[in-house]
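The structure appears below as structure tokens.
By written order: A, B, C, D and E. Residues from 1 in each chain.
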Amino acid sequence: ADALTLQLKWVTQAQFAGYLVAEAKGFYDEEDLDITILPGGPNIAPEQVIAGGGADIIVTWMAAGMAARESGVPLVNIAQPFKRSGLMMICPTETGITTEADFPGHTLGVWFFGNEYPFFAWMNKLGLATDGSDGGVTVLQQSFDIQPMIQGQADCISVMTYNEYGQALDAGYGPDNLTIFNYTEMGNDLLEDGLYVMEDSLDDPAKVDAYTRFVRASMKGWAYALENPEEAAEIVVEADDTGAAEYDHQFYMVNEVTKLVDPDDPALDMATYERTVQALLDQGIIKATPEGAYTSVVTDGLK
Amino acid sequence: MPLHHWLALIAAWAFAWLFVERLSAAIRAGSLPETGTGLVIPVTFGLALLVIWEVVTRGANVPPVLLPPPSAIGARLMAETNILWADFVQTFIKSVLPGYAIGCLAGLAVAILVDRSPFLKAGIMPIGNFMSALPIIGIAPIMVMWFGFDWQSKAAVVVAMTFFPMLVNTVAGLNAASAIERDLMRTYAANYWQTLMKLRLPAAGPFIFNALKINSTLALIGAIVAEFFGTPVVGMGFRISTGVGRLAIDLVWAEIAVAAVAGSAFYGVIALIERGVTFWHPSVRGGRA
Amino acid sequence: MTRILPVLTILLALLLFWYAMAVHMNAPWQNTLNNRAGLENVPFMDFAQQAWAQDKPVLPAPHQVVSEIWNATIALDITSRRSLAYHGWITLSATLLGFAFGTMLGIVLAVAIIHNDASDRSLMPWIIASQTIPILAVAPMVVVGLGAVGLTGLVPKALISMYLSFFPVVVGMVKGLRSPEAIQLDLLRTYDASPVQVFWKLRWPAAMPFLFASMKVGIAISLIGAVVAELSNASGGGLGVRLLTGSYNGQTIQIWAALFIAAGLAAVLVAIVGGAEKWVNGRMGARA
Amino acid sequence: MSVVQAMDLGLTFPAGDGDVVALKDVNLTIGKGEFVSFIGPSGCGKTTFLRAIADLEKPTSGTLSVNGQTPEEARRARAYGYVFQAAALYPWRTIEKNVALPLEIMGYGQAQQHERVRATLELVNLTGFEKKYPWQLSGGMQQRASIARALSFDADLLLMDEPFGALDEIVRDHLNSELLKLWDRTGKTICFVTHSIPEAVYLSTRIVVMSPRPGRVTDVIESTLPRERPLDIRETPEFLEIAARVRDGLRAGHSYEEEHV
Amino acid sequence: MSVVQAMDLGLTFPAGDGDVVALKDVNLTIGKGEFVSFIGPSGCGKTTFLRAIADLEKPTSGTLSVNGQTPEEARRARAYGYVFQAAALYPWRTIEKNVALPLEIMGYGQAQQHERVRATLELVNLTGFEKKYPWQLSGGMQQRASIARALSFDADLLLMDEPFGALDEIVRDHLNSELLKLWDRTGKTICFVTHSIPEAVYLSTRIVVMSPRPGRVTDVIESTLPRERPLDIRETPEFLEIAARVRDGLRAGHSYEEEHV
């Protein structure tokens, strides 16, 4: 069997249900693959891990992937299971924020560590300063939960539809007492969880073949998760070494994540790709239009 | 790694070693002055390290996103002085210094309080040990909850981190005075505070400075780590954590270099003060009795 | 009894303070909840009860933490991945290994420093500088780097523990090994004792008080190192991982439970070092 | 009124390998203005007795009163000055500051501190060494500094434990006569441990001879010498006779005689 | 061959507030088997001279040889045993272990260590205190333990810095005669610092009188006493005459004479 290591962008959770299900249900074995799945965390940059040779394939956001490419890690997108963004910004109504025009003077929470690009691209589009100057917004490096909102440290916080938004719902927040800015609906979405490999590995036909089988099995995993959300949630809980994943939350997450994934088509949508690249260029996150940052050789191989 | 890289490596090491040996022998023999030359040695050693680092990263083709060569770090250091300075002010001046001062003073005060009353000592020391062991990583989010996300919460983390070493060392130090030195105070019927000020605190000096030195490095680590848990978008810890995410590893190392220089200078200042204040201790006066 | 009573008194005072703070800090959120539910003029005691029973409180009440600890240790199979005892053991083993490495490294460096001028002058500043490197920044790189050469699990964590814990030992031991009075050194000079003899017969015993003071700090820091290392690598478990995942999910009670287990571990470890100190002191004829 | 009164005094040090009886059945009354010397073999309990008077050691039996009070009350009233057998100077203080230490503690004014330090340092011939640290002095100089420290404040009772042990004969003679003058002038009560028989006889109104294991008083010799004592009184037959008595007392309680000679 | 030879020896301690000249122009030759006492006011450099011989202090001028070698070579050859002015016992070792320390270092076997420790402790009359820690002993007992430590191994040169300062007359007499016997039996060379003129005269073949600021040798007195010296030789006119010469020498170099008396 071909051995491949997959580095996730975050801790073991239903955000990666397709891969975890494929592993648990033996879909990788069927493709004669031996897959090791490494959980991520707030201090693990998948781009760094793959550059150091610690992984063959990584799951990451396109903005971070392109930025890494410019910094000398030649990453190439081989598949894009996530079609839509799950990123939102929510503001409790008592802050008085109802439209983008209300932002100036308020504190907005953002995750950094490579997750800040969509936010800055958006602010750039609105023409709002983020350096603390007058008429702009104050940016807070947000922790990975909704506490900054509950404790009023930030007026608005970043959430993922499939994770923190669920926590907010649990805490009694909802559309009736929140103003929600959904990046996808606003047309500000940048591509999220895609699969990236090192450029030179694509010269090796055997590798390309292994990648192809990997993507095929993974998409089977996603399809299975979509059909069987209860079992998928159980698999995720089971796969979590730390014992922290809770079934109810993972079940919620499976259902939300599968809304973002198209299990039948892992191919990169060129229109969204172009828009993402343009936003990154506009914001100065990358300086030059990337060349060869994606390939369809793997997804073409699936057909 | 090609052969000539290996040779460069060995040469750099051998040269530095010989040079340092010679120099310190010369200082010992008194043919070179202590001050000034004293600095040359660690600098030489450091330069040797840097050369080795440069040669290894380049020679073995270590990906710069894992470990950049020092030359790249140096270039970044020069290019980003504004950012680095702002981060330094936020972290060192605003968080570390006040937190260090408060933490050390509190540790000292509680040690004295605890020392005063055996009841408190029996009660607080076990609980103090317990609290001190709360990993700062755990208290950092809590401090952010309590003190907000700006420097105040970082200073609070520094306070919590520096408190325990000071407490433990001071309690040990307050018992360092010898029996006969205490007896002398008894013969004067000196009251508690007189004995404290004139005997036990001076005798505890070496221990207190021990804590001050350990704390000078702990404080910086604490402040930087605390910034990983919610900060405004400035600060050394913030820059390091976001820098890794952005793969701006050379900026991260530039920040680390600033931290190392600031921390070493801080330590050096404390060590200088120590030499002045506890000049009488055998470890300082070379054991003359 | 005379040892328990003071501890109990202080503990009681702390508990009272803690309960009061819990009401104070959870009040805003409780008010929001009550307003939403249309409750008004809740009597104080009822309000307090509510504040002490929140799911994700800002500050959990002591009994919430205790029951979480209970549920996550005694009430669970020890091999379960939800068991804090299981995670505690993982952290403890990394701590102990790292502490052992760190203490040895610290002593070895201190010995080199006091015996060799060149290493004193060249090493010491860099040992100090090494400690100003924010470990959390380096930890993931260490984990990634060691992972690339195939080292995973306990060893990377223990190395980070070692990195933190050797420092207090070096500083303390350099001081301790230099603490003998001149006349005590002179005595051995008159015997033309070898450096090894001077070390074992004089410097080492004289450094004991410093060694133990350093080790107490060192072992507590070592635990912090293990926890920090776990934060960089969510696989494999450990108390640090519990802290991390607790904080993603806003599970404040889980965070506090893990924190208390960690602190409890450290307190026990420090106490063990303290016990060893007493024993050695006794063997060295210390005055009662 | 008696300054020190010991009745059936006993003091035992507990030790893992058998207790040490440092003092047993000691009965002694020292009146105001007396100069009492203690002499006896090494380890016979002289230091222990002085320490008990000074409330540095708790007797395990019998009673002990100082100035009619308990030793603790007397200590709190700062009834005495103590010269330890070892100098016990604080290494972080200069000689001058070491001597000023009791004055600081007892709240003397700056000017008075200065004057007293100057005078007592001159008395022990250490003028010029004010700014030195203890480790820069020879053994005898350290001892003199510690004497100066005990004399700097005016206690009515002086407890001196071999104060002149490390001094040469000339300085010793000098300090002996200075001490006698001081005693005569001020009417202080002095308890003085020494190993020198001539010194004991020269200085004392009474000489207490002690003997070890267990430490006890074996002889008390009253001096018949006049209060006024020039140095050459030491050659008079009367002096030599007292000295001989002391020597006999000492020898009687001494274990060497049987064992070794 | 001379054991110690000092030529124009000088030793200055640097100090912030003016250097201290501890030794100046010292010329002295000590032959094999001599017993030389050093006497002089406190602070005159006796300890410093002994320390220079022992290679514990580096002379700043002149030359010094020990056994025809440099002091360092002599020290490395374990040429001497040293009794310090302060006992310097290690607090974490029992008395017996303290005395065994040099034997351990010099690699004596267990049985031999045991026997030597027993014998020297008996010599200084400390049998029964083997298992005590230093702080459980009186000052004089500590001093005797440190003497035992220096005698436990057989060095040909003994450097003794006021070894008997804290001992009473009887023990002192006893140890004086034991030391003389040892010296006579073994032919050791002994350098001996004391403040007691009778002790110096009784023990020595030669007495070196020193005087302070700067420390220098002012007189060297040859003893005419026979090698065989019973204790009562101290009452002979010959003895008293030598003692008087020493006293005069001492007085001459002494600052007290002019200043105070």
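In the analysis below, contacts are C-beta pairs under 8 Å (C-beta built on N, C-alpha and C of every residue); 3 or more make two chains touch, one makes a residue touch a chain.
In this text, all values refer to a predicted model and were calculated from it rather than measured experimentally.
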Chain E reached from chain C - shortest hop count over touching chains: 1
Chain pair with the greatest number of C-beta contact pairs: B-C
Most centrally placed chain - per-chain CA mean versus overall CA mean: B
For chain B paired with chain D, centre-to-centre distance based on mean C-alpha positions, whole Å: 50
Euclidean distance of C-alpha centroids - chain B vs chain C, Å: 18
Approximate Å spacing (C-alpha centroids) for the pair chain A, chain E: 85
Between chain A and chain C, centroid-to-centroid distance (C-alpha), Å: 35
Shared interface positions of chain B, touching two or more other chains: 66, 141, 145, 179, 228, 241, 244, 281, 288-289
Shared-contact residues (touching 2 or more other chains) in chain E: 86, 135
For chain C, residues contacting two or more additional chains: 58, 136, 140-141, 144-145, 181-183, 231, 247, 287
All touching chain pairs, where touch follows the definition stated at the start: A-B, A-C, B-C, B-D, C-E, D-E
Interfacial residue positions of chain A with respect to chain B in the complex: 42-43, 45, 47-48, 51-52, 64, 67-68, 71-73, 112-116, 130, 132, 138-143, 147-148, 151, 153
Chain D-touching residues of chain B, taken from the complex the two chains share: 180-181, 183-190, 194, 198-199, 202, 205, 278-281, 285, 288-289
Chain C - residues contacting chain A, complex: 28-29, 32-33, 36, 55-56, 58, 80-83, 86-87, 136, 139-141, 143-145, 147-148, 231-237, 241-242, 244-251, 254
Of all residues in chain B, those that touch chain C in their complex: 17, 20-21, 23-25, 27-28, 38, 41-42, 44-46, 49, 66-67, 119-124, 126-127, 129-139, 141-142, 145-146, 164-165, 168-169, 172, 176, 179, 206-207, 210, 213-214, 217-218, 220-221, 224-225, 228, 236-237, 240-241, 244, 252, 256, 259-264, 267-268, 281-283, 286-289
Residues of chain E touching chain D in the complex: 13, 15, 17, 20, 39-43, 47, 85-86, 125, 131-132, 136-141, 143-144, 162, 165-172, 174, 195-197, 247, 250-251, 254-257, 259-261
